[in-house]
Every structure is written in structure tokens, then in C-alpha cells.
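Two complexes follow with chain A in common, the first pairing it with chain B and the second with chain C.
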Partner chain A sequence: MMYILVKKNLDQKLSEWSAKYEVVAPQKVEAYSQFLPFTESSELALNEPHNTRYPPKSLFLPQSEVMLKYNKRLNKFDEIRILPEKRIIFGIRPCDASALTLLDTVFDTEEYQDPYWAGRRENTILVGLGCSEPPSTCFCTTVGYGPFNHDGLDAIMTELDDVFVIEALSAKGEKLFSDFPAATNEHELSVLRIQSNAKQGMNQAFETEGLKQTLDHLFESDYWSEIAESCLGCGVCTYLCPTCFCFDIVDEVQRNERVRNWDTCMFRIYSQEASGHNPRPTISERTRQRLMHKYSYWLDHIEKIGCTGCGRCVRYCPVGLDIRAMLRTASNFESEVVNVG
Partner chain B sequence: MSDNGHNPYNPIPMHIVRAYYESNDRSLKTFELVFDHQKDCDQFFSNYDPGQFCQLSIFGKGEAPFGIASAAWEGEFVRFTVQKMGSFTKYIHTLQAGDPIGMRGPLGNGFPLEDWKGKNIVIIGGGCAFSTLYALTKHVHHSKHRPDYEELIVIYGARTSGLCMYKHDIETWYQRSDMEIHQAIDVPEEDWSHHVGYVPDVVKDVAPSPQNAVAVVCGPPIMTKYTLPVLVNLGFAPEDIFTSLEKRMKCGIGKCGRCNIGSKYICKDGPVFSLAELNALPADI
Partner chain C sequence: MPELKTELRNNIEQLLNDQAVDVVIAFKKADLPLRPQPAFFRNVEELEDLEYNGLCQNNLANYLTRYPHDTKIGIVVRGCESRSVNALIVEKQHPRENLYMIGVPCQGILDIRKIINKTGEDITDYSEDGDQVSVIFKGNEIKLQRSDLLHDSCLRCVHPNPVNADVLLGDPLPEGDPTIVRQAIEEFEALDRDERYAWFQKEAERCIRCYACREACPMCYCTECFVDHTTPRWTESDISQAGTQAWHIIRAFHQAGRCTSCGACERACPMDIKMTYLTDKLNKDMLEVYQFEAGMDDNTPPPFASFNLDDKNRFVI
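Our next item is the complex of A and B:
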């Protein structure tokens, strides 16, 4: 069932929801946009062609999160689990929503459920905003998703001139929009046209067929040092990545808190062992880990690429490294290796 | 075991009941821990297999992984032998009987004891990595488990006699009729009547038969590196050779992402792997 939300009623609608839910939506922050709690004075940034810079994975796996507060002297602790009340994330892009479904396979497993992650996932309704004009850094269609992909979403919106047309995708989504006016045939036709144009406007950024095998084959080659040559090892590609989930657990001695923080395989210390041995001593091995994880190991785990093509790593790399170009080089490199050999 | 109320990051409250130096240079110290709550104890022992590890937790210091050095039948305690290495282990060494400590576990897969039933077991250890092998040997010793396995051969090497762990117990193994024990130290010492030499050479001398046998090797990387080819030369198939790996781990439950070798997580898919499994992994060790 398709519904419409008239754009000029948007703020009013979000305010109404705010009475029952915490509403989080992309808002203008300096030159970028970011998901923040909606208030009356919020300046929404729904019409940005780019994704938010800071990934909404932080709403489920915060960059820094207190897990417990301890009293060293009494050797006691209080578990801290600050979970949201019912929450709506409004305007999340399909790449970020599908990334959450990938991370579910890490955090919500049969054997060990991460209660912080699972609690937040359960309490959240995801209302997506499809991408009518995907920017040039995006490559979702290359990795098996699309600008109007449904994975993880409870509803998806398509933006027309004066309305958002909403398709409910789950019982939660249906319930949220059931009293909204129904979309007309004309609306639905426009939606089909926009969605199909958006998808067709995206080129294949690199070949994924056989890519895993190519990378596996290149594991001990010079390919990695070549593509990593200009990498600074700053880790921004991993921090902003919606599918990167590595974390560290540390005790903050001054605050008596055990905290988990985002971590990154791009740092030397990440894999440094107590003996001094480091299995990934240079930026080449660390770049290899980042790419292999996304384009080989994820496939071993769930037969899916661990990248949803959001393009943040391309857009925000301070030295302009482009994962698409790196991966295009892989197949060239392999054919050279094969030809020479 | 999905359980909405359970938080796998919470340390289980325990106390140290026994703490003693294991080596004459005081670099190795053994701790025996008991549970503060019976339900935690029951939960632990319903899941524990030798070869598994725990995260020991100290508020203000953090957590680090250690292999379990006791078998379930020994009693309702958990034994760890800790080598003083960095700031965390240095602090643990200051702890005494009566001190509280936190623990998360048991974690990891443990030795595939079911698959080994009916086979000869060759246990090869070096240095403080012998701890989980000690737990394995103790497990097999128990009258309830001993009939499940055929011959038991233990080869254990340390640099000096002063660094040999679990001395008093291991000395009694020479009297047992149901096993062979070979201890070795690197260089000769007065009063040392056992082997002298490096573990790979001792394995060559002992030459355990690969017939209907599995071999498990835990030790410093250099020892493991030179012992594996000896076993292969003796005729052990890569599927029948096992080892236990260590990595810098944090969560211990396959979430934090840092202990992978290729697509395997040491904490969750390991720490015990067969040589066949290791051979299939990329060189990221």
C-alpha cells in the first residue's frame, strides 16, 4: 500500500510522532548533514543528494558507549544499558539501512546476542528515503543493492515535487502510515519512473563476478602495497563506513567506566600483540585486511559483499583513494600476474 | 543461547582461592578461582571443555584472554597460569588468595574430544602454553573418560627445570600405567633425569605412531613451527594435527572483529584448529 506525506506537513508530522517516539532525522551541521534528534527548531536536511557524513550505524553502535560502571574498592559494577524508547529514524538512506541488516548477522547471532545492539534494533522503526539522484561517488547497484533497496526498512519514501510517496514494507511501517492519505495512480507512476531512472543512471563501478577469487589469489602479491602507497592510515574510511563494526573495550580509569569505542584495522596498534609481534605491520597488510574483509571474508560468512556502496570512503578520504579504482585494478593486476607467470 | 536478559560482556564475579608461583623465576603464577554464585558455577561447568579460554577482568585494568588449565572433575574451581608480560599480567601477579576477580567464559571451541574418542592422543607442549594441554591431560585421566581414548603420550618441554609447570602432579604421571610422559629441558642440569633437547627433537626421538592417532601441539611459535613438520614426517595427516592459536582479542565472542585470520575468528571459530584448517587460511598470522 502506498501513502503520501505532503511536504509542507512534514514538520508537523514529525512533531506529532515526537510525542510518542524519539524521532531522529538528518539535519544540517556545518557543511554536512547528520542524524540528530528532531526538535521544533531542527533544520532538516532531507534534500541533500549526499548521504550524511557521519553514518547512522552510530545510533545502534555508538562511537563510544559505556557498558558498565564499576567500583574498584567494592569490586562491584552496575551494568549500563541505555536503550532508546521507541524510536523512528526518518530519512535513512537504503545503503545505511541494508548495512544494519549486514551487522545484524554479527551482533544478533544465535550463540551470543549483543544486548545493546539488539535492544536498539528492536525499538527502532526505519523510514527510508530513496535516492532519486545518486551522486557520482555512490555505487550501491554495483554491490547488489540499489537507490531504492528495501533491506532493513519498514517503509521507503520517494520524493516528488510536493509530496513524499511512502511504501510500507513491514507491519511496523504499515501501522505508522495507515492513517495517511493514499497515493494516487499518478503518484505511483511517478514513483516507478523516478526509481527506474535513478537505478539506470548508475554505472557499474567495478566487476564483482569473481572478485573474491581474484583478491584471494592476490593475497601475497604486491597489489596491496601498490594500492596502499598513498594511504595515510587515518582510518576515516572505516569510521565512516556503515558496515565497519570493529570495537575496542577499555576501562576509563578516571570515570570508573568500562567503555567500548569504535576501532579500526587501519591502525598499527589494532593487531599488535603483547609479545611485540604484529601480523599486520604496515599499511599494505592493513589495507588488505580492510578490502579482504568486505570483498572476501563477508562472502565466506554470509555470501554477501560487506559493502553497500554508500561512497563515504571515496568522498572523505583525505588523499582521494577510491575503493572502486582499487578494485578495478585488482583484476588488471591479476591478469598481469597470470600473463607474466 | 539467545537470552534477552543476558549480557555476555558482564564479568562473572569470582574470588581467588589459591595463588602460587609456578616457576622459580616467578614469571609464571597459577591462580585458582571460585565462583561467588552457584548458578554461575553450574552454567560454567555445563559448557566447559578443555582447550577453551576465558577473559579475566579487573576493573580499572581491563580484560585479557587466558587458557583454562583445569579439568571439570578436579572441582568447582577454574585454574589459570599467567605469565608476566605486560601491565595487565604484572597486576594479576600481585593478586593473592581472597582477592576478587572477574571472568567471562568459557569461550571458544575447545579440543574436539568427541571426534578423538577411540584414538591414541599425542600431546606436545612447550613453555606456559602447556596450560590447556594440562587441562586436556587431566580430563583424559579421569576414570570416566579414560576408556574413551586409547594410548596417551605427553611430551612437555621447558627451557629449564625451574620453568616446568605443575611439577608435583606431573612427577606422579611417571607412575601411571595408562600413559607415557616425556619431559624435556633445553640444556643439561644436575639432578635432571629426563630428556634434554628441544621439543621437535624429542618428538623425533619418541616417534609416536600416527596409526589411529591425533597429535595436539601448543607452544611458542618457534616450537610449533618446527614440531609440525616432524609430525608430518612421522605420517600424521594435517587433519589429525591440532594446535591452539592466540590473538589480541577483546570481546571473545566474535563481535569486536580484531582476531581474524582470513574469515575465521580465533575467539569464536578457534582457538583450536587442525593443521588442515590452518593450511586453508591466508598467511595473516
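Our next item is the complex of A and C:
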């Protein structure tokens, strides 16, 4: 069933929801955008061609999260269980929502369940906004998703001139929108056209068929030092990536808290051992880890690529390194290796 | 600019052909028109990809410290980069005799975010000619003025000409006006304490501790940064107020008398955080108190890295 949300009623609707839910939506901060709680004075940033710069994974896996507080004198600790209030994330892009489904396979499995993650997932309704004009830095279709992909979403919106047309995709989504006016035939036709144009406008950024085998094959080669020569080894590509989930747990003893922080394989200390030995001594090995994790190890685990093509690492790398170009070189490099050999 | 690029190419080609250097650090074209990348040329064929324009946003001196001291390095340097190289030579990070500095007087680096702000994100082509910049956005050509797009650090640049370069390509430019940078700092200094703190808070607390600023800075070459120390830990490693503020303050202070105001840290920051106001303030103090500017020669140690046995102050020894 498709519904419409008239754009000029948007703020009012979000305010109404705010009475029952915490509503989070993309908003401008300086020149970038980030998901923040909606208030009357919020300036929404829904008109960017792509996702927010700071990824909404932080709404489920906060960059720094206090897990417990302890009291050394009384020899006791308080576990912090955050059971968030019911929440609507409004305007999340399909790449970021599908990334959450990938991360579910890490934080919410039969064997292990992270209560912080699972609690937040449970209490959140995800209202997606499809990408009508994906910029050239996005490549979701290459990795098996798309600008109107449904994975992880409870509803998806397609933007027309004055309305958002909403497709409910789950029971939660259906319930949220059931009293909204129904979309007309004309709306539905426009939606079909926009969705198919958006998808067709995106190019195949690199060949995924056989990519894993290629990378596995290149494990010991010079490929990594070649592609990573200008890499700074910073945290930009991994911190902004919606599928990167590594963390480090630190006791902030001065305030008696145990905190979980994002961490990244691109940092030297990530793999630094107490002995002083570092099994990933240079940026080449760290780059290998980043790429192999996404394009090989994820496939070993769940037969899916661990990248949803969101384009952030491409857009914000301070030295302009483009993961797509790196991967294209992989196949060339392999054929060179094979030809020479 | 095209002639300059040709000159640059000829120069590098000669260096490589003569085997005068093992590698030349410069920029190359990439698939994204706004994002030329640092590149490492070892043979002449690769020079097809050589790039030099206002979008080359990194400080190439950053890569010097990755090489063993006996590597003969050619490096393309603009004003600030040449001063960074000099400062690194002073700090014994590479011997002068194994460096060949190809100097280019710098018209200023453009701030990609200023361009995108004026056009939109998906720029498919870029060219520049004198003060004119032209980009293609959604199939349409948009003409912009270079001077409107300069990075803030470059607007305040005093020394656009390379210092101590082995060769200078292009004509030297007039020195910048030092009152501009001084004014910018004085505006900050004139704020009252609460206002200054509010400013600092607004910037520092958006920090996601990705350390791109550190990794992009030629002077941040410590194998182990203070924030990475675990025994003992010097700062909180999370994105708490205490953690981010400590990071921003200490990073800046470690740059006193070493920073060349290149702005590479700010350009690398994914969160658009301003931080050169701190280092520029320290640079101004270094100039006023010690008459010292980093990188103006390759033998004077920065005041905080030198000592004098006859020092009339006794607090250090």
C-alpha cells in the first residue's frame, strides 16, 4: 500500500510523532549533515543527493558508549542498560539501512546478542528516503543494493514535487502510515519512473564476480603497497563507513566508567601487541585488512559483500583514494601477476 | 597553469632520466575531477598522470618521513610545503643532500568544500585558467573566481614562494600581507574568555578522533602519538568533552614553532573543524616572543627544541 506525506505538512507530522517517539532526522551541521533529534527549530537536510556525512550507524553503535560504571570503594558496578524510548529514524538512505542488516549478523546472532544493539534495533522504526539522483560517488547497485533498496527499512519514501510517496514495507511501517492519505495512480506511476531512472543512471563501478578470489590471490602481492602508497592511515573511511563496526573497550578510570569506542584497522595501535610486535606493521597491511574484510571475509561469513556502496569513503578520503579505483586495479594487477608468472 | 605543468613534467622527467633521485613526490590525476592524489613517480612513463592545479590539497612534505634517509627524494613544493621540508630537515628527518626541492610559487589551494557549496556535489570536470575556474555540474559549465574559493589558510598566506628550493618553476609571487593573518588572530584574541571557550568547544567537540588532521600534517610524524599511549594514558580516548578538548589543545601545542600554516590539517578533517586558529595563534606568539617562523631556513632549531647553557632563565636546567 502506498501513502502520501505532503511536504508542507512534514514538520507538523514530525512534531506529532515527537509526542510518542524520539524522532531523529538528518540536519545540517556546518557544511555537512548528521542525524540529530528533531526539534521545532530543526533545519532538515533531506535535499542532499546522498546520505549524511556522519553515518547513522552511530544511532545503534554510538561512537563512545558507557557500558558500565563502577565504584571501587564499594566494590560494585552498575551495568548501564539503555532501553531507548521508541524511536523513528526519518530519512535514512537505503545504503545505511541495509548496512544495519549486515551489522545484525555481528551484534545480534543466535550465539551472541549485544543488548545495546538489539534493544535499539527493536525499538526503532526506519523510514527510508530513496535516492532519486544518486551522485557519481555512490555505487550501491554495483554491490547488490540500489537507490531504492528495501533491506532493513520499515517504509521507503520517494520524493515528488510536493509530496513524499511512501511504501510501507513492514508491519511497523504499515502501522505508522495507515492513517495517511493513499497515493493516487499518478503518484505511483511517477514513483516507478523515478525509481527506475535512478537505478539506470548508476554505472557498474567494478566487477564483483570473482573479486573475492582475485583479492585472496593477491594477499601476499605488492598490490597493497601500491594502492596504499598515498593513504594516510587515518580513521575517515572506516569511521564514516556504515558497515565498519570495530570497537575498543577502555576503562576511563578517572571517572569510573567502562566505555566502548569505535576503533579502526587503519590505525597502527589497532593491531599493536603488548610485546611491541605489530602483525600489520604498515599502512599496506592495514589497507589489505580494510579491503579484504569488506570484499572477502564478509563473503566467507554470510556470502555478502560488506560494503553497501554508500560512497562516503570515496567522498571524504583526505587524499582522494577511491575504493572503486583500488578494486578495479585488483583485477588488472592480478592479470599482470598471472601474465608475468 | 598548463605551461607550468609542462615545465614541471619536463623537470621531473629530467630528474628521473638522470637518476638524480629515486622517487619524485608530486600529484597525479584521479578519476574524481576534484581529487588529485599524492603520487610517487619512479619512472618516466608514469608521468602521463602528473597533475598540478589548485585542487592539490595535501602537504606533500608529509610523506618525507616515510623514507629511509638514504633515499634520494625529489619533491614538488609550494611555499608552505618548502617550509615544512626545511623544518623537517632541521629536525633531522631527512638529510638535505638527499632532497631535491622543485619549487612552485603558489597561487593558493582551493577549498573543495567552497566549490561544492557554490555548485553542488557532483562535479564531472574541472579546469582553471588564471583567476577563472570552470567546473561542469550536471552537464552545465559554471564559472567561478579562484579568489572566492581559496582555502582560509591560503587567504592568510604570507610566504607563497618556496624557500630553499633547488629549482624554481614560474615567476615568484609578491609576499602576502602579514597583517591579514595577524588580524584574524587578533579577532579571536579580542573575544572574552567565555566567547573564546565557546568557540573552542564548538569546534573541538565535533571531533570524531579520526586523526586525519594528524596524519595529514608533515610535522606529526611521531611513531607513537600522545593520544595513542596506553601506559600511561595521557588523555581520554573517547569523544567525550575531556578527550576531544585535550586532543585539540595538545596537538596544537606540539606544533608551536613547527607548524607552517599550510592548512592541510583543516582540509583533511571530515567534520569541517577549524583548528588553524590555534596553530596560527601559537605561530604569532613564536614570532613575537622569539622572532621565529618555522621553515624559513634549514638549520635554525625551533625555540622549544633548543637550549642554551648560558640561558638566563634557570627553569629548565
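By our rule, the second predicted complex is superposed on the first by the 341 of 341 C-alpha atoms of A that agree within 3 Å, B and C clash if a C-alpha of one lies under 4 Å from a C-alpha of the other, contacts with A are read in each partner's own complex, and residues count from 1 in each chain.
Rule of thumb we're sticking to: a contact is a pair of C-beta atoms (placed from the backbone, for glycine too) under 8 Å apart; a residue touches a chain by one contact, two chains touch by 3 or more.
Small disclaimer: the values here were computed from a predicted structure and weren't measured.
Once the two complexes are laid over each other on the shared chain, residue contacts for A:250 go to chain B and to chain C alike. In the overlay built on the shared chain, the residue A:197 is in contact with neither chain B nor chain C. When the shared chain is aligned, chain B comes close enough to touch A:110, but chain C does not. In the superposed model, A:234 lies in contact with chain C only, and not with chain B. In the superposed pair of complexes, A:136 makes contact with chain C only, with no contact to chain B. Of the two partner chains, chain C is the only one touched by A:259; chain B is not. When the two structures are aligned on the shared chain, A:63 is found in touch with chain C, with no touch to chain B. The contact surfaces that chain B and chain C form on chain A in the two complexes overlap at residues 248, 250.
Looking at the complex, you find that chain B touches chain A at residues 1-4, 6-11, 13, 59-63, 85-86, 89, 100, 221, 246-248, 250-251, 253-258, 260-263, 268, 282-285. Taken in their complex, chain C has these residues touching chain A: 30-32, 35-40, 57-58, 62-63, 113, 117, 120-122, 124, 206, 208-212, 214-216, 224, 228, 230, 236-240, 243, 267-268, 270-272. Interface residues of chain A, counted against chain B in their complex, comprise 67-68, 70-72, 75, 77, 79, 81, 106-107, 109-115, 118, 216, 219-220, 245-251, 253, 256, 258, 260, 263, 265, 270-275, 277, 279-280, 285, 289, 292-293, 296-297, 300-301. Considering their complex, residues 29-32, 48-50, 53-54, 63-64, 135-137, 229-230, 232-236, 239-240, 248, 250, 252, 254, 259, 261, 267-269, 314-322, 324-325 of chain A touch chain C.
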